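You will see chain A twice below: alongside chain B first, and alongside chain C after that.
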Partner chain A sequence: MRDKMKLKIGVHGLTSCYGCQLKMASIKELLEVVERFDIEYWYMASSKGEIKHVDVAFVEGSVSTAEDEKELKKIRENADILVAIGSCAIHGGVQGMLIGEEYKEIFEEIYGKYEMDFEGRIGEPIKNYVDVDYFLPGCPPEEEEVVYYLACFALGSYPEEKDYPVCSECRRNGYPCILIEKGEMCLGPLTVAGCNARCPSHNVACIGCRGPLPYNIAWFDSLAKTFKEKGFSKEDVRKRMEIFGKQYEKMDEMIEKVFEDEGGETDQE
Partner chain B sequence: MKVERQIRNDHLARIEGKAGVVVEIGEEVKAKITVTEGPRFFEMITRNKHYEDAAAICPRICSFCSIPHKLTPLEAIENALEIEVTEQTKQLRNMLYFGNMVESHALHLYLFAIPDYLGFPDAFSMAKEYPDLMKNGMELKNFGAMVQNILGGREIHPENAVVGGFGKLPNQQDMENIKKAAEKVKEAAIATVDFFAEYEYPSYVNMPRNHLAIKPYEGYGVYGEEIVASDGFSFHVSSYKEHIKEEVVPYSFAKMGKYKDSPFMVGALSRLVLNKDLMDGTAKELVTSYEKFLKAENSFANNFSQAIEIVYFTEKIMEMAENIKIKEEKRVMPEKHDGKGYAVTEAPRGLLIYEVDIQNDIVKYMNVITPTAMFLPMMELDAKKMAEGMWNDGYKDIDLVGKKVEMVIRAYDPCISCSVHVIKL
Partner chain C sequence: MRYVKLTEEKLYDFLEKLKEYGKLYAPVKISDKFYDRKEIENVEDIAFEYVRTIMPAKKFFVPPKEKMFDIDIENGEYKENVENVEPFVLFGMHACEIVALRILDAIYMDEFADIYYASRRKAGIIIGLSCLPDEHCFCNLRRTDFVDIGFDLFLHELPDGYLIRVGSPKGHKIVDENPSLFTQVTQKDIDAFREFEEKRQKMFRCYGSFDNIRYLLELTMNDEFWDEEADKCLGCGNCTMTCPTCRCYDVQDIPSIDGKEAIRIRFWDSCQFRSHGLVAGGHNFRPTKKDRFLNRYVCKNSYFYPLGTSYCVGCGNCTYFCPAGIDFLGNLLKVRSVGEAEVKNG
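After this line comes the complex of A and B, so read on.
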């Protein structure tokens, strides 16, 4: 008999590295956690394979084929709540760097002389195709974040997304600032928090894998200004941010603001 | 060909990535592995990036083998820029790599493969009836993850491994913790071998196979530069394009690797077939006493081989963690800014080759050949042999044949995300 109190969940993968699903499967107390849910569908982990109604569906990966789109729409139709999990689903992922003519040329160059049975597409965030209720960032997300989202839904509550940068976690932990002290391009000021400043804690500059901050709320007034002071150009910042955020709609605004003068005028390069 | 019966499964579950299988039965039997995972063009998106950024992008090819997809490009980059890393870096990288072997094999065997053996749709339903067995799997997985967390900075996408060394070095206490954890999971590792040493392999897929593996620098290790084949031939990684060719087929976004124009195998079975004499310790004893399970001609032996490797790599991690004395040292930074480099390592699923061309610190060309792209044609052949053998033997239950076909595919532990990265050679 089905336990009516248990939340029904589905876990789905579009085009990605499967790291978000692996992260979910790697939860240390996995067996205890899955006990609390009815797992109706888990693309990677189970051969029970039919998309049907669930309370919450997690989707990782970008839409990169016509099949991805079809599947995503079916998932949406059957889910009360849809969560985009990871950088691919939220921003298109690293494969989302190839867009426009460049994508077409490259696809043509590699598969062009063959009659392929499928169509390849630019890797796009899933919100371009369906309504998304929640975003769970990370590449991959941290274990605590996955558990937090699951727990919120299980309790009938909803998760709060982070609206502050990696820098704030880095400062709180007291790690040496890589941007100031080493002059390396650390994307901490512009990247959404949640990793507890994992890379800076290892003395490695943030590459922005969790994606640009939402709501246009980077630390423009403090650390973000340091890029200019350290001699980086707009293009330098853009190039690094584009690795994980090429399709971010507010990229131009964000970069302009990072290089804005105190008086509000943009920097002349 | 008039197709009498067709087996079609568009969703091969319990593998990494998105693939399906189609078997057509008529006068003859045909099998196709369809890879529908979208292409991700890693060789293109790493182009024109600083080598450090390119190396950070590569792990995103695949989460299960994100450690090999970091450490192999790092080595290629270091070869290109003539960076000689320290002995300690080499050792810690080995340990990190071995941790990935343990986790990847444990995930594959317990989450993906064993449910087939015991007749469950997934590991979660299996765990209810076999809690102790699953507990072993989870312990091994957690152990591998711990090693990767400590040394890689993260178990998936290890940002702590960087060109020239590590961002942050582990301390002696970390090593002590790793050693203790390894001791604790040793029994679970041995139990995994015992589990697989109880099953007979379906003889339908018996056939002569060419195996390829690395000639390790040290012991039964994962680093080397020479590739050896079971036909007696060997070649240096820099000439890989002459010996391993990739082809495109219309029904798949993955390329299909051929060695001397024929399908070939890489992975745990191939490594054991070619290098088992380089093993030592408990794994060596086990592989000797269970030798009849190490069948070069049968792909199901790959699962047994993975189990043996879990024991070997766990024990090696334990030894290394016990003997290493961590000393403070800095990353080795390159003096050169240009160069071409190659690297080959043994990823959990087999040979992984990277080639890189750097000009003025910028990656101008990168090429990757993954194990799954190499063994796909052999896997297809096995799917065909399995269906054909069962059909001719009188099994007309298409569902049953389909299940067995899936099982032989899963024995390879295919990594579909890895296979769809391709660039024209």
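After this line comes the complex of A and C, so read on.
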């Protein structure tokens, strides 16, 4: 009886570090996951799988090659629910920072003249190519978040997505606010919570690895203004914010606006 | 009211003694700028000079995150997770913090008492401490700068010790059981107490009344300056998390991986977050940042009838802990439309 009710899942990696899958593979409750779900595809765990119909597909990585796009579309066609997992799949990841630049030029700068047998692109979030049902942010996501998503799907329910910032967890834990106290560029206010404010707990400013908040509530402009008042230049601010936020809609514009507003400071580069 | 004196030399003996009445929590310096109330091992670690703590005292009664239920999914049952709370002592509570707890009491322990809150509140001993305001304090405008109830003992600083007001049976018990710690209050002490109070009253940023502020707020919501202030806001929620009376929480059920059980947790929420105003069907009562920004101003300035005060106790935490430097009091003064200097002289 129970077996018939087992959910079929697939875990897929496009271009990425495979860290999200590694996190999934190392959760303490892995044996329960194997018991409770039929894993149809998980290349990291077994090369035997093939892409076929699943109830839930988890996709990590950004679309950075023509092959990625093809594979992603096949995954989508075969999945009832598709979950984008991690910063690469959701926002394009660090490799997505170069969006707007010429791939060929970047490639040559790093690797020199060298022919690859695939068509490369600047990494993009998977939502640019297919419909995504749920987002599981993180770099990688926390173990308890992975378990929570799996457990909700298994119950026939759905996971609640977080739409509040790292600051909420920083305050709940009573850590000193780095932005106020040290005046460093902490990205906690625009970064989606879930890490339990891990970096601030070590007195390190948030770098925004979990990605900007969803639903257009990542206020790059307000935070850029705060940084500007602390004496940071447009370049300082942009360089920090674009690591994980470059492909957030209007990030550049929002920063630009703040530095345009008061006095004709121009970009030095 | 009963008054006794604690001399400077007996201060640490007194604090040590408090540990016999429960686990002792008091403000300590946690970083360059911030203080928080922590469990005290060595009473000499206690910071007396603190103005505000990064976590308000509500954390002892409404923890930032707690488990409410253990849920047995297979049998459709649940159990409330009410623990037996051991007595504890909160030392160094300022007047505004004590009023804030009374506001929470009225909310959490009305007709349908919140058992989690109530069990902790009963176990808590409150030891007040006098304070001097900084530029963010405006308890005088909220009439929360001096408390007559809500504490067990209240210590008023004197040049050579403390004048103590005894405010409850628990407070009497502590005094009665430790006669060697206390002495009689002398005329000199009374004069010093009076001087301290006079000095303190002259130190506030501004004076006057805020009784009409809620209505002025409602009437000025379309003023342009609110757009500018809301634009500055990072939506981080620091203001509500550090507010001693903000009490909104979110509730979430977390199933176990085997699907047999679940837990229900609750944790501090904030009206500055998008999902706070989100309801079934996708409607949001506060869809824009400005809506959320203004919500806090209106909520805090609403009149709280059971106590005859507003929900805001004038502690200044929301300004002090705002990374964007938004000045709550400054904005209220703009609404009142009177320059600060003018108010000070008036």
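Note that in this section the second predicted complex is superposed on the first by the 224 of 269 C-alpha atoms of A that agree within 3 Å, B and C clash if a C-alpha of one lies under 4 Å from a C-alpha of the other, contacts with A are read in each partner's own complex, and residues count from 1 in each chain.
Note that in this section a contact is a pair of C-beta atoms (placed from the backbone, for glycine too) under 8 Å apart; a residue touches a chain by one contact, two chains touch by 3 or more.
Predicted, not measured: the structure shown is a model, and the values here were computed from it.
A.B. asks: Under the superposition described at the top, does placing chain B and chain C together on chain A give a clash or a fit?
C.D. replies: fit
A.B. asks: Looking only at chain A, is it chain B or chain C that touches more of its residues?
C.D. replies: The partner with more contacted residues on chain A is B.
A.B. asks: Is A:Lys23 touching anything from chain B or chain C once the two structures are fitted on A? First, second, both or neither.
C.D. replies: First partner only, chain B.
A.B. asks: Thinking of the overlay built on chain A, is A:Asn173 touched by chain B (first), by chain C (second), by both, or by neither?
C.D. replies: Once the two structures are laid over each other on A, A:Asn173 reaches chain C alone.
A.B. asks: Looking at A:Gly120, would you say it contacts chain B, chain C, both, or neither? Reply first, second, both or neither.
C.D. replies: Only chain B; A:Gly120 stays clear of chain C.
A.B. asks: Scan A:Leu155 for contacts with chain B and chain C and give back first, second, both or neither.
C.D. replies: second
A.B. asks: When the two structures are overlaid on chain A, which partner does A:Glu181 contact: first (chain B), second (chain C), both, or neither?
C.D. replies: A:Glu181 contacts chain C only, not chain B.
A.B. asks: What does the superposition give for the shortest Cα distance from chain B to chain C, in Å?
C.D. replies: 13
A.B. asks: With touch defined as at the start, can you tell me which chain C residues reach chain A in the complex?
C.D. replies: 30-34, 36, 54-55, 59, 64-65, 73, 231-238, 241-242, 252, 254-259, 267-268, 270, 273-275, 289, 321, 323-325
A.B. asks: In the complex formed with chain B, which residues of chain A make contact?
C.D. replies: Its residues touching chain B are 13-20, 22-23, 25-26, 28, 30-31, 34, 39, 42-49, 62, 64-65, 67-68, 93-95, 97-98, 106-107, 109-111, 114-118, 120-121, 123, 139-140, 198-199, 201-204, 207, 209, 240, 243.
A.B. asks: Okay, in this complex, where on chain A does chain C touch?
C.D. replies: 29, 32-33, 35-36, 147-148, 150-152, 154-155, 157, 160, 163-165, 167-168, 171-174, 176-177, 179-181, 186, 188-190, 215, 217, 219, 221-223, 225-226, 229
A.B. asks: Sort out for me which residues of chain B touch chain A in the complex.
C.D. replies: Its residues touching chain A are 11, 13-18, 34, 36-42, 44-45, 49, 53, 56-57, 59-64, 66, 107, 111-112, 115, 121-124, 127, 134, 138, 141-142, 145, 153-157, 159-160, 162, 166-168, 248-251, 253, 406, 417, 422-424.
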